[in-house]
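To keep things clear, I will list the structure first and then write my remarks on it.
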Amino acid sequence: MLTQLIISSLVIGSIYSLMALAMSITYKASEIPNFAQGEMAMISTFVTFVLLNSGGLSFYPAILITILFSFCLGLLLEFVFLRRAKDPTPLSFIVITIGFQLMLYGIAGWKWGSDQRQINLPFSESKVIFQNDSVAITELNLATLVIAVAVLLLIFLLVQKTKLGLAMKACQQNVNASRMNGIPSDKILAISFGISSVVGTIAGVLVAPIITLDPSMMWDPLLKGFAAAVLGGMKSLYGVVIGGFLLGIIENLFGFYISIEFKSVVAFAIIVLVLYFKPSGLFDKHYVRKV
Amino acid sequence: MAVNVIVALGLNLLVGNTGQISLGHAGFVAIGAYASVMCMNAGVPFLGAFLISGLIAALFGFLLGIPSLKLEGPYLAIATLAFGLAVSILIGRMEFLGGRMGMSVPKIDLQWTGLKYDLSLYYLIIIITIICVIMTRNIVKSRIGRAFQAIRDSDIAAEAIGINLSKYKLYSFGLSAFLAGLAGSLLALYLGFITPNSTMFTFIGSINFLAIVVLGGLGFVAGSVMGAIVMTFLNLQLENVVDLPLIGPLLYQFSETFMSTTGIANVSWVFTGLILILVILFEPLGLYGLWIRAKIYWMRWPF
Amino acid sequence: MAFFEVKNLKKVFGGLTAVDGLNFALEQKEIFSIIGPNGAGKSTIFNCVNGLYTPEEGEVIFKGENLVGKRPDQVAQYGIARTFQNLELFAHMSTLDNLMLGRHIKMKTSVLGSSFLSFKRSKAAKEEMHHRRKVEEIIDFLELESSRDQFVSNLPYGKQKLVELGRALSLEPDLLLLDEPAAGLTQEEKEEMIFWIRDIRDLLGITVVLIEHNMQMVKNISDRILAINFGKPITQGTPAEVLAHPEVIRAYLGEDVNEAV
């Protein structure tokens, strides 16, 4: 039973990691936590749904188009809204993202109502791949894990090995110096948002079969992803990913052994505790401002 | 609506004046409401229950404030978020608080006013609100309020001036929770029946309160009042969007072609979100800022 | 016992020793300057005195007590005020409010008390008026009347520096630490600043420590100077002694001494 628990923890943990990663990418680039992450993923997932059903497309093209859509959504957020802010305090940006989130939530609810819908991925939830006495792994579980890990690796490669990744890191550390070295920091920021939106969308699509598609589906993953990011240290990409998996495990273990009802609460409580002792999360470094 | 004002006052102290973030203020409102009902059920007269619920909420405010001393920005946002969620979940689960069904609120004795119950309750709430507004305004203009703002603007300088950051941050959390708790107590009285899913007690409620504070103008007491009034008005109107004179039918037609009509109530979210964004983009000082601009414009008029 | 003394101060950041083996003592009502190239550790000294940093070794003795390890707000209670190199004003408040904040430790109103501020007879109101009078004296002293109600972020840089100075004075300190008071000022403003610092010492009786790069100011007003480089002291003494010291010239002033001063 324990192994089954671990497996499902890893699966849900990978979703949390993706969300946390998406959050961290934009936070690293701009010091803004993007609260709209969840709704952006949700709307993009709905787009997939529409493409699959009314559009009659098959899965992979639909996904491709969705990825494009969510990338543009990210660009939209940065370009149209965040850039125009007159008062660049962190609170203002947070409020803007919250506003964007509300708008997307309203639009989704308006268009699709709150009925739950089913989305059909090529990975079936019922088809079991591997089974023995203690464990049953479905195709969906495996696909989720594999895809999530693949995305995580891709992002790491992007950040560590490409010029774009280097540019992103440079902009995060010192915007003006980057500009003077020829890096178009605005575009880089917008691209960061776009990438993070795509990562979030992938999480959304992967989680839709489990929690069914409706406008409020991403509230919980968003919060958990956020919590995981905070747990791991928001500026450390490795940290947030580990945070995601850790959160999944803690949550499920607690839910199983102690109480299902309170498991979310406990997850948060643990996070608050961790923050008390290590305010920048488990893996982050704390920079002191020079006066 | 007046209740919104009180919560807004409290939240504004914390967010607008001290520069902290709270995404879980609805939790304090809920605590205040439930504490008040429990006190009243135990026979405590309303005024006592009212104040006690404020104090209990303030206590939780202090407790939440302690981890906040070391946190900033998104970390603090998460911690407060967690708090708000925890409160709403716990309230729903605990049996002696009425569980999912909620609790009913005893009525208080207002016969001495000679007016109908509803009307006298209304006046009572208004009077209490006015008192809160005055007291909050005084606090903001005083040494304490200045200290809060100092923490917001430059905590390093604030410390160099002699302001004990921990003490004042805790004060700020406690005070803003106190106000929210009072509001919760009044809310309970007004609604007559409280359930864990009330909008005002959940995450959506917290966001709503934040919207009010931002809309009105962060850091300005008058702003909180204006914001609460406007937002409440908007919410009421938007609940029945279709009935609005011009926009209603337009929206309805638009919905029929592009969207589903059942979900039309969700338009209110779109509007709220849009308002938040527009305020930050164009007038960070909120309604109060607009008011000031209008005043200046009129003062300079012939020129 | 000296009025104020720093003994064997040492502050290390990771691999960097910012300040090492620093010693100096002040007499009351003295104007003492600390000079040295950028990065020599001057602001670090202030930050250690102030409580923003806790030094690894050393003592800061003032009024008979060692201030090391105390929080900045506690240090302020002892009567030490400072200004910051990069100005740490309260940007969203007016000049008046910034200065009134300086009175914070002198005021006693509690939270509950302040909610009665608008009632003229209340204790809160009376205290506010008393301190407002004190602040007005400082505004007169620094000639800031015209900026009284403006948001400090709207003021020109020179005025902002004065507001920060005024705020430090509002604490009624016994010791004032000024971090590069002449930086960014016009020539005229620099000359006025020299007079102000002297007045602060002569009229208000405050002991002043300056960090400064402007040698004209340093030469004109200092009673004694400490020169440091790479966190270590080079020499201390009267301006004549220090500014002629060969090591100081080599490390900081440059060979054409006459041009520098």
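Side notes on the structure shown:
A, B and C are the chain letters, set down in written order, and residue numbers restart from 1 in every chain.
Quick note on the criterion: a residue touches a chain if its C-beta (ideal position, glycine included) is under 8 Å from a C-beta of that chain, and two chains touch if they have at least 3 such contacts.
Worth saying up front: this structure is predicted, and the values here are computed from it rather than measured.
Most remote chain with respect to subunit B, judged by CA-atom centres, is C. Of the two chain pairs examined here, A-B and B-C, it is A-B that is joined by more C-beta pairs in contact. Chain B has its Cα centroid nearest to the centroid of all protein Cα atoms in the structure. Per-chain Cα centroids separate subunit A from subunit C by 48 Å. Here the spacing of subunit A and subunit B, counted between their Cα centres, is 29 Å. Chain centres here are Cα averages; for subunit B and subunit C they lie 41 Å apart. Counting partners per residue, subunit A has 291 as the residues that reach two or more other chains.
Counting partner chains per residue, subunit C has residues 52, 84, 88 touching two or more of them. Across the assembly, subunit B contributes 156 as residues in contact with two or more other chains. Interface residues of subunit A facing subunit B in the complex, by the touch rule stated above, are 27, 31, 33, 81, 84-87, 90-92, 94-96, 98-114, 215, 219, 223, 226-227, 230, 234, 261-262, 264-265, 268-269, 271-272, 275-276, 279-281, 289, 291. Those residues of subunit B that touch subunit C in the shared complex are 134-139, 141-147, 149-150, 152-154, 156-165, 171, 175, 219. Residues 50-52, 71-73, 76-77, 81-82, 84, 88-93, 97, 100-105, 107, 109, 111, 114-118, 124, 128, 167, 171 of subunit C are the ones that touch subunit B when the two sit in their complex.
For subunit B in complex with subunit A, the touching residues are 15, 19, 21, 66-67, 70-75, 77-79, 81-83, 85-86, 89-90, 93, 156, 203, 207, 210, 214, 218, 255, 258-260, 262-277, 280-282, 284.
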